[in-house]
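Across the two complexes that follow, subunit A remains constant while its partner is subunit B and subsequently subunit C.
Up next is the complex of A and B:
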């Protein structure tokens, strides 16, 4: 007789299965993976090695067979610079989001789990930070720390943790009275063990979704901060710098720098946003088909 | 109800304390030496000490903090480092130009996005809905800087439909300059707003009251306009009220690009010149106006939803 016993699948295995059945999610995942691969190959000097080769005689050349996306003010290949800009964006996205999620998760967990005075304090903290206009807060942080790549990651991370904190806090409030937590308490688990070993894994899907959302926010913030003069050091390729350079370039009919940076950014952000939706549907199927 | 409002207002006190504390810590404690910033790179130690005394930086931190609170309470933020003008005067002068761009854009955008999102929710999962969703996702994947750049380049510089930049303080003249910024601002908000409002309306359409209305035999149009729209407006209004403070502080990006003498342009200028007192004043004012509108938003919410009031 054939066994019909259904072997249980974990939430994660289930989510991966759902994602793999979703063609759009797989396309987006592939695009993100390709960006990652491209930035790795750029960083290791395998492709687009000419991103820093200047040639003043070749300044502002329109797109041609040799330079697909034209050249910039210093005669550098725009396509190579846009490809290398991926590295900056991925670094800012990753570290900015990771920092925000780490702060948000830890504070949210403490607030939701302990409640009382600790909760009051953390809610006060995030309400205060949330009240200050985001872009001004980032600018203020950048001023304090001086411009550069590290500042970008830190400023974005230190200012964008609030919504993650809210989500994790309310999730912990739901979980702390659940039976499995009471069970853990009965077995002698301390506070930290209950928070990080027992409850946190049950909210991890939210952490992941938040991380992915934060990634997009950080990439977009980099562009605005570059425009405000708080981007990466001059010479480092970044989409934000290319876009803000276009302010002067456009009036010389040089549109290709803007076009290249916008296109490179467009597909990464779009893929991330769509993948986010698919990820949420896969991890929280109740929301699906709405 | 009044008890709720009173309690909610009492809660503003610790937040107000938090805002002033964070601003103070950022600008007066962590922000390096403001006197060195103001004096420039080649200042002599004597000059530095003099400036420090002028700015009150030689006083204890608590006294400096109280001074900042006093500045806020009396709306007297001292003078700008770069233009030497009274900051409060600069702020009053900037509100008008900012609002003449942001307010029409805000209203226009809501008039477009709310009916359109309702329509999409009604036609969800059809080709129009899916097509619009993809377009909106595309729209939000482009940096806002690109919208401003491209709008100015094509519509003003290339086609010459609008002036490239500038401002006319008179009421009749300013629309000539404000129109393109307004259009760009509307296009900036379309993608995100339609996606958000559509989600709100779709959420409502799955509620039991819609099924009840349908089983009573109400027409689709009636269900949408009388029930779904009304209920959906609750989360929408609470979210939209929170955008109003940003109308006052203006758009940094748009005002700096088009040379509009509003508060956004003022902030941009101050950032470029590291004009700390102006940035500090704008951080405080931005935070406080946001706090006030948060209160309004919460009170509006409590008016429609009695459960909030009683908890």
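Up next is the complex of A and C:
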């Protein structure tokens, strides 16, 4: 009987350990977790239930004890709307990034692993897509499919996979020639086993970092698209919508709508970006002494 | 203070803080580097020898490293007390250093001339033209052919040996008092190694430098060191003049190091290893080396065994230049018309320098690389004609063990998973429990503990990893194994253990080996027949003793003369 008692620590476990020792990473992680919690509580109707309550008499009230961040044109509480905007942002961030990373990883893996004609085809595909200005492509998607949350996720996912594809492709090209992959070949491992069991886990740290980068990009894209009027359906709370509304509001010296959306976005994006850096440091096997 | 020593290291202690706690890398060691002499600092990986040299240069990465105690006195000054800017003026100008890997120590985007003259302009405030002229002079001194042309070369345009020469030229540019050479020849072929050693000896005489030569291989420094310091686990276990160390070693570790190197004039079946001389806690064990010396090759397998592998006119050409329309303009003939036979249960050694095509040939035999033409007949079947499925079945019988045990194991897989994977592929073992059982037996077979199956490769040392690679190759119960430089990346002391293991496994399981190496001494030790490869062709083939006693080809003779004798010249009779 072989004992299981002597358990080793994987490189993943090492990375988690390093991450947990990094105070900045833990602060960022907590902030992200708080955003998640807030959006969950908003979505289940526990907090900020008044986000859609209109009261024309209360229009454009400056910040006060009752409305910490004032009210908008329809007298709705700005803070509640900004908090609910988090839901939109997180959904778009998650699904947009997930789609982009999935496409980028699969195509990149195939191109990098097989090389030759398959590589030529995939490289042709992404260089072609890459020649079209990104924002134009997203706008085109939104026009064709009509505004909405699904459209946003799809549009962002289908247009932002290119750089992930490049990264994963080069990583697969590098690993394809490594001795452990050659060793697997010599043991009789087929293509799928080599791609998914051997190389992918060794590039997965990049997939993770890509996902986290994609998350930030998607959140920012949502804001830009909503600002351009091609985001979520009117009435849905969204930071982009709030910033878009601020175009007209600022003339009336109503600054709090813009401030609330920017603040909410600022902390989420900052936390994500810093967490990203920490994640990269923790996952980079080069920093690990052999 | 004695004026005969240029550097005095006193009670030096260095520690590293790691996730697992504090590691005492160097434990209060003291030694001197005499003026104008060469000191060899010998020890295995992790013995603290490189850390010691980095401490002298004040280059210990901090954190995690820290010098906790001691003095390093150079010209009456304690280097550990100098400011960083004072150290900067000492490094390169007074004490300089060369490293193991000449490719990574040179900047790939500058020409070698630029890099050498930069050092001169920085430290000696020379004008650009003067520095360039001096660089040219230095390249001539270190024996770069056609220096006027090569000074404008980039590092990648030079061979490994030439790059190491350039590194040496940079190191001696400011005529330093002390040159620290950290394993400068370990990454090089034996023939190049000899040239570099000769060059260092010449330069030392010319400039009256002191050299601190760091190596894991006692044999390498026999000819060039005046004194030897042997380190083991952060401590100095023995020091003395070279002749004494080689003829009357005192410490069991030194004895083990001296004995474990395969030698050309002895024919033992097993190599002595350090653990034959010493218990793990450093106590001496009685061991009679004479037994090993007298022991002759006692192989049960005779030379009239049936041929297992037949290589017929195999060629592998790689396209070098492609024309605009995809037509190939020129080819690299990595393997050029090679024919060989390997008999069942025996070992064919394949020896040659880097780039001679021996590795390509090894991979072609397993069809990891498809041959351009020729036949590879294994047990009567031409495997070049097999389709994917039949080839996969054939892979069960033919295995490979690579050079770098760090690169050839998947870092994200536990050792157990790595050992069970081939069983899953080839349907060995009925269920997970049975496979786990088999993996445990494999671990024991290669001398590892079977409760380490849940560990990851990075938790093992280089020698242990190579054992795991061997276990993985054995997992499919193969008949034939290619060992591609399988011991070249290991310390000599570990190398002996792995060679013994390979021989034991051969006797036990009747394995057939093709053993690829650049080191003729190792090849001669393990092989029955030896084939010498040069420029993609087999230039000479004979039995192992015949190659050594009666070399025919010029290149074989050159290879033989380049092997370190493992004993200072004047002591050889």
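The rule is simple: the second predicted complex is superposed on the first by the 273 of 290 C-alpha atoms of A that agree within 3 Å, B and C clash if a C-alpha of one lies under 4 Å from a C-alpha of the other, contacts with A are read in each partner's own complex, and residues count from 1 in each chain.
Operating definition for what follows: a residue touches a chain if its C-beta (ideal position, glycine included) is under 8 Å from a C-beta of that chain, and two chains touch if they have at least 3 such contacts.
For clarity, every value in this text was computed on a predicted model and none was experimentally measured.
Undergrad: What is the contact status of A:58 with respect to subunit B (first) and subunit C (second): first, second, both, or neither?
TA: Neither partner.
Undergrad: For A:247, is the partner it touches subunit B (first), subunit C (second), both, or none of the two (neither)?
TA: first
Undergrad: Which partner chains sit in contact with A:236 here, subunit B, subunit C, both or neither? Use first/second/both/neither.
TA: neither
Undergrad: Kindly classify A:189 by the partners it touches after superposition: subunit B alone (first), subunit C alone (second), both, or neither?
TA: After superposition on chain A, A:189 lies in contact with subunit C alone.
Undergrad: Which partner chains sit in contact with A:10 here, subunit B, subunit C, both or neither? Use first/second/both/neither.
TA: Only subunit C is touched by A:10; subunit B is not.
Undergrad: Answer with first, second, both or neither: which of subunit B and subunit C does A:202 touch in the superposed model?
TA: second
Undergrad: Could you look at A:178 and tell me whether it touches subunit B, subunit C, both or neither (first, second, both, neither)?
TA: second
Undergrad: Take the contacts of subunit A with subunit B and those with subunit C, and give the residues found in both.
TA: Of subunit A, residues 290 contact subunit B in one complex and subunit C in the other.
Undergrad: Note which residues of subunit C are touching subunit A in the complex, please.
TA: 18-19, 363, 366, 368, 392-393, 395-396, 398-400, 402-404, 406-415, 421-422, 425-426, 436-437, 439-440, 449-456, 458-459, 469, 472, 475-476
Undergrad: Where on subunit A is subunit B touching in the complex?
TA: Those residues of subunit A that touch subunit B are 124-125, 127-129, 131-133, 135-137, 139-141, 143-144, 220, 223-224, 227-230, 239, 243-244, 246-247, 250-251, 255, 258, 262, 265-267, 269-270, 273-274, 290.
Undergrad: Once bound in the complex, which stretches of subunit B touch subunit A?
TA: Residues of subunit B touching subunit A: 14-15, 18-19, 21-23, 26-27, 30-32, 124, 137-138, 140-146, 149-150, 152-153, 157, 199, 202-203, 206, 245-246, 249, 252-253, 257, 267-268, 271-272, 274, 276, 279, 282-283, 286-287, 290-291, 294.
Undergrad: For subunit A, which residues are in contact with subunit C within the complex?
TA: 1-12, 14, 17, 178-180, 182-190, 193, 197-198, 201-202, 204, 285, 288-290
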